[in-house]
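We just call them A, B, C and D in the order they show up, numbering each chain from 1.
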Amino acid sequence: MQLGLIGLGKMGGNMRERVRRAGHEVVGYDRSPELQDVDSLEALVGALQAPRVVWVMVPAGDPTRETVEALGDLLEAGDVVVDGGNSKFTDDQVHADLLAQKGIGYVDAGVSGGVWGLQNGYALMVGGSKEDVAKVQPIFDALKPPLDKESDSPAGEGAGFVHAGPVGAGHFAKMVHNGIEYAMMQAYGEGYELLAAVDLIEDVPGVIASWTQGTVIRSWLLDLLVRALQEDPGLDDITGWAADSGEGRWTVEQAIEHAVPMPAISASLFARFSSRQDDSPTMKAVAALRNQFGGHAVKAREVEDPA
Amino acid sequence: MQLGLIGLGKMGGNMRERVRRAGHEVVGYDRSPELQDVDSLEALVGALQAPRVVWVMVPAGDPTRETVEALGDLLEAGDVVVDGGNSKFTDDQVHADLLAQKGIGYVDAGVSGGVWGLQNGYALMVGGSKEDVAKVQPIFDALKPPLDKESDSPAGEGAGFVHAGPVGAGHFAKMVHNGIEYAMMQAYGEGYELLAAVDLIEDVPGVIASWTQGTVIRSWLLDLLVRALQEDPGLDDITGWAADSGEGRWTVEQAIEHAVPMPAISASLFARFSSRQDDSPTMKAVAALRNQFGGHAVKAREVEDPA
Amino acid sequence: MQLGLIGLGKMGGNMRERVRRAGHEVVGYDRSPELQDVDSLEALVGALQAPRVVWVMVPAGDPTRETVEALGDLLEAGDVVVDGGNSKFTDDQVHADLLAQKGIGYVDAGVSGGVWGLQNGYALMVGGSKEDVAKVQPIFDALKPPLDKESDSPAGEGAGFVHAGPVGAGHFAKMVHNGIEYAMMQAYGEGYELLAAVDLIEDVPGVIASWTQGTVIRSWLLDLLVRALQEDPGLDDITGWAADSGEGRWTVEQAIEHAVPMPAISASLFARFSSRQDDSPTMKAVAALRNQFGGHAVKAREVEDPA
Amino acid sequence: MQLGLIGLGKMGGNMRERVRRAGHEVVGYDRSPELQDVDSLEALVGALQAPRVVWVMVPAGDPTRETVEALGDLLEAGDVVVDGGNSKFTDDQVHADLLAQKGIGYVDAGVSGGVWGLQNGYALMVGGSKEDVAKVQPIFDALKPPLDKESDSPAGEGAGFVHAGPVGAGHFAKMVHNGIEYAMMQAYGEGYELLAAVDLIEDVPGVIASWTQGTVIRSWLLDLLVRALQEDPGLDDITGWAADSGEGRWTVEQAIEHAVPMPAISASLFARFSSRQDDSPTMKAVAALRNQFGGHAVKAREVEDPA
């Protein structure tokens, strides 16, 4: 089938390649001339036969909103727009309503796989009506990881793709996936730090590598940690500065909205916030209090010697 | 080679079987007559040719201590005792010192694999001298998972076995492994709860199954969660009561000892404590305070109607 | 001066009394006939001379929104509306904009003091323009706690009242106050629980009472905990079920919005969520995982004996 | 009565002064000649009439242990030793047993009050037998804060002093006090940071000062925060580096020992650990993982330009 794909960056570019390898025709548009197959949204829409499927893979927020609005003007009833970006799930109903005015369908797709997706396939969590999802299914099948027949995984055909519910459900499921990801990374990080803190452990990378088979905590993330430690055994070349994208924040916000206790995921999110602070106002206040009641020494900000 | 194995319960029994399948001779002792190959420690030691390797697989604490002491009386210089149980790493040096008085070697081995170990192999983290570890190596090789040549795991030969350092390092590494396990389980649990809390997600087990391929959070634990949800899609048949064994507690204690921040693992440990409380004294105090300052209603303990 | 006061419940009723004791005239309206001075908003507005000050003390959300809208129709340029309820600070600018269309001023006032406010005074955190705040100042002065000249408190005249910033700043400051309150209550609760958990402490209420003078942790909340324990030394008559109002949630949401690490306050919020769960889906998942990998016993839901 | 006092530093020196002001005779010993009344423990014991009370106010651990052992040699049956330092409660029974061999009594006293104690009095939490505590009571009465008759505190005579239980109970109660202190300080710190993070709040010190009367969160610590902000409104002169003493760690250890969930106090302890790290190994691992799966940029350690 044909697919229109908007946004050909790190993710979109690899997805174009994977869909093409599966035998589909992909017409790609990107603002960068060197990446694009066509040079405008109009040209992209014109190159596709109705009913069209157009996949949007641009940054969440304004760029996605503007792209969806533009497609609302260009597409026609029976076409389907897929938002495969990292949109907040609450944006999806807005997008769907906007397109529904013209009879255009909408599917939201949470996509996991990162830079490994071209090779391994992309896991897909989608939301939308059965009818709309069905129109995109050949593309989903091309993107998702192939069934691993050697694997003893219990998920069977359910691995790598789910139609999670109505519009919004795909991005919600992907959001929760990322929240879990935060806490798993934090868990490995805390364990790594404790191993590295004691003289007793003489081979920290070796311990972590040993965990990759036969243990309860083996995982793909653990494999990646092994790789990272092979490249830099003491993690000496990087600093402990960790960005966060929206999904972790939204996961905790939703937990609060629904009164779900979420101590581990929230702790992991806050650890990232802390990692980016040069100095912590909270801990300044704590230090100031200790000084007030106990006369405890505080670390004064170092002052340049005026001489 | 020959192995003496003490403790033939759920773990020890399967390990005997796996070692035998690898072609070694195992002489097993257990207090239960129906499990034992020989009926006493004396008989076990008598059945082995020096230099002997005796693997202790009994509960941590007093049972292990008493077994090590008894072996100290029965074994001779050049023999090696392996503690493969869940001992606290601080016990290991005590055991090693006790046996060293008679020239007997000591190796501590953290073992992961649970009920799946017979089939998949057991991951092993060991501590001790090079010489002592070498004496046990054929048994370690029999127990550990075979190298998965199909796998693209980066650990290679290092997967499933590590000599982590001197006496104590094996149990320390296993302890940290279990601490990480707590936070990973908590992460999946929190994510599951949020998915289940919203109407938007129509297929919670399906979402979780979809995560098993192509995602960042795929892991063996996630596969197990898929299995659990296949057996009981709403987890209706079990209660949220989670035991904890010593390793999680010791991990947090060690973090405190070494000033390692450990917010996610500790939160996971505390969540288990909470899960076992019928009522929380902390939250009683909170409720009492709300009542004091705001006249907020408290839930009074229900009183049986005297009529 | 004159004050129109809408909402004469537990808080509003006591505030009317305190303002009257200070010599001001209060015209109160409430939906309940037995509480009201006048029987409609129209009558309330009619009873006041311009420029009027009308204080809204009704539940946050729709009730406040509707009251502000109604006042927008009834009041005139130069009048001022004060929202003294527990509105989210983001509502304030909406209210202010709505009233500004008619030249009516708006002040948001976070009010602390609970059932003790009539006796001790109410702490006030207000937001708005200097001009609008000035019009309400005599009422603020009547409500706030009197300056304690015996006290060695360093705040001096600044105790009990602050003009924190523009519209919204009052409710924001009150929101943060409540977030801190959550963690303080949790701190005392956790300490209480640990004292009560050990046989070593023979007089738990006595220990807590002793902390009320000379210690670092003495506070008004601690005094209230002493009272609660005097009434019920083992807190046997209440259950550990703790509600939460919006402010705690909003505080954590704002922390996430501004990338402020907030581990203690968020932990306190989540503890309240947990306190209201009969069973925890998170911990069901954890228990299910333990069962899967270790064959660990789970607590099955008890089934009534069919016989 | 007479009191022997060992250790005349910041705390001990002020305590000597307060006891003397109450009309008692204090014989003080310190290693520093400029502080001491007598120049040896022997001289101190010799200057007191039996039955003697000797108060030890030296650093916890070895210094206290050695002092207690020395007093065991010098004192006689019927005398009482008080350990008023920051000893771990588990040390107390060891000390008591050691002295009991010679019929010497032992009382452990947790002391709160810091640099403010001379002026305000010291709160005392004590453990020991009724008989031993009674022998020291006049000294306790001299040290503790006077009953504040103006106060409406509910504790009455129970404020500032408690006999909490047998040997060890005093230090246990003080340990819990300090754990609570950690979380209260963290709570104020987190609230301060959020206020300071938003433009909406134009007067952060003013907001905090306003909280000191009439609010739910008023406390002595809050007064101290007001003072700190008066001295340095933006806390610009100090860094967010917060030490921790043993009590916070022991509180969390005891919570783990007794399966008491302690999320807020532990989070506060870990925040202090983080505050002292130049770089976080945990967050290095997290950053390395993000880089592995997403190609996300990491902050490389800055390298000096070789040119």
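A few points about this structure:
As a convention for this text, a residue touches a chain if its C-beta (ideal position, glycine included) is under 8 Å from a C-beta of that chain, and two chains touch if they have at least 3 such contacts.
Please read all numbers here as calculations on a predicted model, not as lab measurements.
Steps from chain A to chain D, minimised over paths through touching chains, total 1. In this assembly, the chain whose C-alpha centre lies farthest from chain D is A. The chain pair from B-D, B-C or A-C that repeats the A-D interface, sharing more than half of its contact pairs by residue number, is B-C.
Residue numbering shows that chain A and chain C use the same positions for more than half of their mutual interface.
Between the CA-based centres of chain A and chain C the separation comes to 37 Å, rounded to the whole angstrom. Once the centre of each chain is set as its mean CA position, chain C and chain D turn out to be 32 Å apart.
The residues of chain B that reach two or more other chains are 114, 186, 188, 190, 193, 197, 216, 221, 227, 260-263, 267, 270-271, 274, 280, 282, 293, listed in rising order. Arrangement of the chains shown, judged by which pairs touch: all-to-all, with no pair of chains left without contact.
Listed in rising order, the residues of chain D touching chain A in the complex are 10, 114-116, 185-186, 188-190, 192-193, 196-197, 221, 224-225, 227-229, 232, 235-243, 263, 267, 271-272, 274-275, 279-296, 298-301. Chain contact summary for the complex, chain B toward chain A: residues 89, 112-114, 117, 120-125, 127, 144-145, 148, 150, 153-156, 158-166, 168-169, 172-173, 176-184, 186-188, 190-191, 193-195, 197-198, 200-203, 206-207, 209-223, 226-227, 230, 251, 254-255, 258, 260-265, 267-268, 270-271.
Contact residues of chain B toward chain D in the complex are 216, 244, 249, 252-253, 256-257, 259-263, 266-267, 269-271, 273-274, 276-277, 280, 282, 293.
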